[in-house]
Amino acid sequence: MENWFVNIAHALTNWLTGLGLSAGWADFILLVVQWVFIIIIVTLNVIVLIWLERKISGFIQQRLGPNRLGPFGMFQTIADAIKLLTKEDIIPSATDKLIFRTAPMFFIIISVMLYVVLPMGENMVIVDLNVGVFYFISVGSLTTICLLMAGWGSNNKWSLLGAMRSVAQMISYEIPLAFSLLGVIMIAGSMRLSDIVAAQSNVWFIVLQPVAFIVYFIAATAELNRGPFDMPEAEQELTAGAYTEYTGMRWALFFLAEYTNLVAVSALMSTLFLGGWQGPFLPSWLWIIIKTYLVMIVFMWLKWTFPRIRMDHLMSFSWKVLIPVTLANILLTGIVLQLFKGMGW
Amino acid sequence: MIGFTHYLILSTILFGIGMYGVISKRNAVAVLMSVEIMLNAVNINFIAINKFIRSETGIGQLFAIFVIVVAAAEVAVGLALIIAIYRQKKSVNLNDFNLLKW
Amino acid sequence: MMSNLPILSLTLFIPILGAIVIMCLPANRHKAIKYVAAVSTLFSLLLSLWSMLNYDLTIGGMQFVERIPWIADLGVNYALGVDGISLPLLLLTNLIGFSAVYASWQTAARVKEFFALLLILITGVMGTFVTTDLFIFFLFYEVVVIPIYLLVIMFGSSKRVTKEYAGMKLTIYLLIGSAFLLVGLIALFIKAQGILGFPSMDIATLAQVDYPAGFQIFAYALMVFGFGTLLSMFPFHAWSPDGYAGAPTAVSMIHAGVLKKIGGYGLIRIGLFILPVGAKFIAPVIAVLAIGNVVYAAFICLSQKDLKYIVGYSSVSHMGYVLIGIAALNIISINGAVMMMFAHGVMAALFFAMIGNLYEKSHTRNVSDFGGLAHQMPRLAFGFMLAGLASLGLPGTVNFIGEFTIFVGAFGVYRVISIIAITGIILTAVYILRTLGDILFGPRLEKWDHLQDLKGPEMVPLVVLGSAILIGGILPFTVMDFINSGVGQLLSHIASIQMGGIF
Amino acid sequence: MNYSLLAPEMLIALTGLLLLISGLILAGRGQRLVGIISVVLLVAVLLLVVVRFSESAVFFNGVYQVDTFANFFKALFLIAAVLVMLSAGKYTQRFEQKQSEFYALMVFATLGMMVMAAAGDLITIYIGLELMTVSFYILTAYLLNDEASSEAGLKYLILGAISSAILLFGMSLLFALSGTTVISEIAGQVSRQPALIAGIILMIVGFGFKIAAVPFHMWAPDIYQGAPIPVTTYLAVGSKAAAFAALLRIFMIALPPGQFNWSLVLAILAAITIIVGNLIALNQTNVKRMLAYSSIAQAGYILAGLVAANAYGLKGVLFYAMLYVFCNTGAFAVATAVETDTGSTDRVAFNALGKRSPMLAAIMTVCLLSLAGIPPMAGFAGKFYLFSGAIQAGYLWLAFIGLLMSMISVYYYLLVAKAMYIGESDREDIIDIKLPARFALWVCLLATILIGVYPAPLSNLAQTAIQMFL
Amino acid sequence: MNLNDAVFMLLALITLGSALGVVASKNIVHSALLLVLTFLGVAGLYFQMNAGFIGLVQILIYGGAISVLIIFAIMLVMDVEPEKTNLPSPSLGRRLWGVYLVVLLIIALGASIWYTKWPLAISAVNSDEMTALADLMLGKYVVAFEVAAILLLVAVVGAIILAKGADDK
């Protein structure tokens, strides 16, 4: 059970080379296949997630949530998806057509690209980059552009304001996010995610880097534009923010991408702070799924518990609290590491 | 086989495109963007040197990193300037900046 | 013996000291400022007289030498020394400087600036004559220009052209000339360094070097350009009449009297001494241009109405003689040229002093406005007469000695040119006598009755300069002995190193 | 490696940070203290540099060098910064609560220059250059309510960025050919190839922008005119000298003139610069702008020294750069005083300055004459060195053009003198100058005259500084 | 043509094409978005040259930060008609001059690059480029590193001062 997926990949490679393809091409095809596989998994996963979110919010708000379609309303999301897919694709006439159309596509592509470096289990990472963490942050930072595209392309002031708000927020929180990861990287001595996981075989980094974990958690929430940091789409002020003009399939793509990001960020958090795929008894890939889901449930819990924060508070919180805290954390980590090194550890 | 020369030619063309933008564009932001293209062209050179030329490991990349850092700083200041000037003139067209003789 | 005392430095820097004292005085202490200026120039005058008396003619050469290393890598020394050529010119400077202070005694506005600048100007002029170092020479050479500009624009008078225009024209002409000169000097210095192997700015050392002929011609041509502009050589003379017309009296005196002479002095001391081959090659050109000076300027003089312009053009004309003397390249002619410089200096200064005085009182310089001034102002008239007669080279004045010597020397070399130039004397006589007659003689004009004759301080220029003209004219050896010793040594030096009797 | 020799740089960096922090602490009227603090600290660092002038060390295999050449320029930058800050005292009050940042940026610009002068490696030179220019972009636009200032800042930024890009492309070609960025190693590695010519030309163009050589000068007058005057002063004096320091090090060591013939290109550039700079300056009516064009011409003169590439020429570069600090700062300081008083730097604003403040007028005259190269001011000695070098190297024509144009330049300098001494003004009141500014002005005046009359000490310093190039 | 060459060609096409788009587009927002594509193309070229770290830096700084800043600024200073926000200089002479100059530059520079014998050496693929970079940055190039840090500080201070504008009274 542990090596299911690894074995499948090996078999595929062997088959491809058997067909007479060079190793390079075989790797390339395998990469594509793996990526497509992930896309499928993630997409399907989103259906579950949406259902979960609805259920959790219902639970927190003391109501039932979806409960008509299927057992526990499980098919509600599928029905919604079908509705969205079959809806008319409205493109308002005054929009910047090209930008309007491409924004959701880029968004989802970037979201999915994040998974390339995430270890899904022991030896289960598509490209084990030596700069994995950095890759995650760099590529993740591109999502802001897509939001700007959406906001601008819609030619709607609510959209534009929403987009600009969200970008301002994301840029501000990207810095503490990256800084919080530095502590982990310093201890692990590598930016390769598999190395970081390996470094946690004795003790999880959430123990060694509690401050970094908290900062990362907060910053990630903001990065994901989730409540209580969901200013960009504050319905009362901006209707649906950058997504206001989107309908049907395109809107669904944004929705999909948001949840994809949520999964990715949660998976990274599990990898960096919660020991990744390591765990007793169960196969490694199952462990990471469990941990990721736990993190996601906390995210949802937060979202439905706290009220939305005001925009200026949000910004100053990042610049005046989170960044100094992370910097102090880095400094402290460095000092302690040097001390330990000096003591011959 | 693609080699060092090809990368350099590519960067030269990119540099030229950037320079054309600098010369022909009137929007201050566009000019700034063109300058960024030029800097990117230079960076291609540095990375290519790092890969193809007999030199100390990593120097080219280091140079490129410094260029990127500087470019970031320059853009930040440049955009702040553009915003400052827009606040006064309500325009970002270089042709409108005629207080000084140029 | 007093020879340990740095006589020349004292002579040079007492005016500067005076200028500094003046700058420190409050601006409204006019009397004090004027006395300081007078005393400091008097000191310089006495010192230069003293050095003239103590100069050992039997030895000749550079005396009262001072030498302090100054800029090692350029071979520059703060080197002073005087010989027979520079002594009369030093004396001339001080005579005129002293008189100029008195000629400006009536200055009322911005007295402080005026006298400070004037003293700086005098120092600059003196410096060029007493230094034996090329760098220091050039330094002083250019120091004089800017004070002149400021004096002209601040204190000058506007008549035909504005004083701003006159000042700027004068300044730019002189500076452009000096640019050529500077190129020549630097080229000379670099060339000599290449040959000698060490940098040197000492004029005597530079003169020892055997420069290639082509280079000598090139460098000498640049110097002729530079010094020629200062000497108002035709066709670079246009600045001079305008400049004199715009300038205040004291500046006109110094400028026409001594400043121009720096050009002639430089041509002899630097051009001839260091670059004999070049000098020989270019001498005919100079001689031809000199004709332009003598005749052309004299003709223009005939048609001038303004007194200052008349004297201005006449001084251009007289410089032609100096140029001929230099171009003839023999000991007699060069003696004459130096003598002429001295003579023209005192004469022109006296002339301008008189004109200035007259203008101050009557506010006009037009010849046609005057007549019969001898009735009202006999002493002024005497000054005018003395200067005028000196100007046309009447025997008994020092100018006669100069002109005569020049033509004696030049006649053997440039026969035609000399003859043409001598006709210039006739033209000079025509315009000078006509002018003097028009303004001094004839019926008494009522409108000038209020004019007061020279008195008190105003007499000083007349006495000092007039006696110089007469003493030099009647006892020519007082000056000529010095000049002869200086020029003789200079030429014998040239002959001894390479020329072997060409001169 | 004796790291204590890096103390000046470190102290300057700390000074800048301290000033930034003090801006937070010293709010309100306390901002005035910032100027005093920065001057005191800079003077301390200057003393340190002077005391350890002749000590030298090579860091990191030549990536960073502390030598007499670098120390000469460091002292130059610090002197310039101190003089500018002293003379700017009253002017900076218009920045109100942003004075500390102003001084901090000036200090950081100085740091950039110092790094440029001491860097022995292309990367470090580039970073130093950018620190300097980025600081200047901000400083140029520091008059936040003044459109001309913002405009100048933007123009400077755009042209500065372009020139940096061009310079970098040239550097990248040089790097590619030699495989190293360390200047002292390039000389042995680089071979004569077509790309080298391209690289040299691009670098000349890049540096040409930085020193405002014609035809890359068009930014300078606008920026000089638009920027706050203290910034203009420092820009004209410091950034130019820093660019020359880097230019000298790269061209003399990496591309020794014996092996590579770049001097003719530079000679033509210098000649055009001198001619155009002076000719355009002739009909400027704004003194700041006139000084801008004149400073273009001055760059041409200095370039002539590099063209010569011999002892006199290089010594002239250093010598001239130093004296240029004094006379240009003096001239701009007077302009600052006039602008603070009258609100304008048009030539008419200088009218009757000779009466209103004889000291200012005299200093302005002396400084301008020094710029023109009239003895006994320092400019003459400087030009003498520069053009002696040029003639020695066989560039007689260049010396000719240079000297001729410098004499022509007297024309526009004298126009200012004319305005000051005979111009009419309806204001007769005495211009009030604060003590620090007065002190700075006197320093400029005395230095200008002293260097002119007795150039030997400075020339000896310059001689030791350029020893490594010969 | 092997895979590497094909990828190079593709990336070159993307980079140059989008760069051309940047200068050709009349809509400044389109220019800015194409600029992002250019940056990504250049990043791709870095990956192609085994410079993964720099490629990611490129994406992070250029793609994620600089471009966003630029777009942000564009949106703050936007004119009403986006189609006319990025018009080239109205003077035809200037544009032709630009084209001429640039073509000349490309030909001259390109030729000199083409005919140069470069001191080529295929350096071994550096597996640990980051360590090498870190060693350089904190070793030989520590001065440049520190100065760059100060440069960023200066830029931040300056950008805040400038963008904030004068104090309103």
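Letters A, B, C, D and E mark the chains in the order given here, with residues in each chain numbered from 1 onward.
Rule of thumb we're sticking to: a residue touches a chain if its C-beta (ideal position, glycine included) is under 8 Å from a C-beta of that chain, and two chains touch if they have at least 3 such contacts.
Note that the structure is a prediction, hence the values are computed from the model and not measured.
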{"item": "Chain labels contacting chain C and also chain E", "value": "D"}
{"item": "Farthest chain (mean CA position) relative to chain B", "value": "C"}
{"item": "Nearest-to-centre chain - CA centroid comparison", "value": "D"}
{"item": "Reference chain D; chain at largest CA-centroid distance", "value": "A"}
{"item": "B-E against B-D, pair bridged by the larger set of C-beta contacts", "value": "B-E"}
{"item": "Computed distance of Cα centres, chain D from chain A, in Å", "value": "52"}
{"item": "Chain centre separation (chain A, chain C; CA means) in Å", "value": "93"}
{"item": "Approximate Å spacing (C-alpha centroids) for the pair chain B, chain D", "value": "26"}
{"item": "CA centroid of chain D to CA centroid of chain E, Å", "value": "30"}
{"item": "Shared-contact residues (touching 2 or more other chains) in chain D", "value": "123, 127, 130, 134, 137-138, 141, 144-145, 153, 173, 176, 179"}
{"item": "Multi-partner residues of chain B (each touching 2 or more other chains)", "value": "4, 8, 15, 18-19, 32, 48, 53-55, 59, 62, 66, 70, 73-74, 77, 81-82, 84"}
{"item": "Contacts with 2+ other chains: residues of chain A", "value": "none"}
{"item": "Pairwise chain contacts, counting only pairs that touch as defined", "value": "A-E, B-D, B-E, C-D, D-E"}
{"item": "Footprint of chain E on chain B - complex, ascending", "value": "1-10, 12-21, 23-27, 29-30, 32-34, 36-37, 40, 43-44, 47-48, 50-55, 57-59, 61-62, 64-66, 68-77, 79-84, 86-87, 92, 95"}
{"item": "Chain D-facing residues of chain C, complex", "value": "70-74, 113, 135, 138-140, 142-143, 145-146, 149-150, 153-154, 164, 168, 171-172, 175-176, 178-180, 182-183, 186-187, 189-190, 193-194"}
{"item": "Complex contact set, residues of chain D against chain C", "value": "311-312, 315, 354, 358, 365, 369, 374-376, 380-381, 384-385, 387-388, 391-392, 396, 399-400, 403-404, 406-408, 410-411, 414, 417-418, 421-422, 454-456, 459-460, 463"}
{"item": "Residue ranges of chain E touching chain B (in the complex, touch as defined)", "value": "4-5, 8, 12, 15-16, 19-20, 22-23, 28, 31-32, 35, 38-39, 42, 45-46, 49-51, 53-54, 57-58, 61-62, 65-66, 69-70, 72-74, 76-77, 85-90, 94-95, 97-99, 101-103, 105-106, 109-110, 113-114, 118-123, 126, 129, 132-133, 135-137, 141, 144, 148, 151-152, 154-156, 158-163, 165"}
{"item": "Residues of chain A that touch chain E when the two form their complex", "value": "24-25, 28, 96, 98-99, 129-131, 134-135, 137-142, 144-145, 148-149, 152, 160, 164, 167-168, 171, 174, 191"}
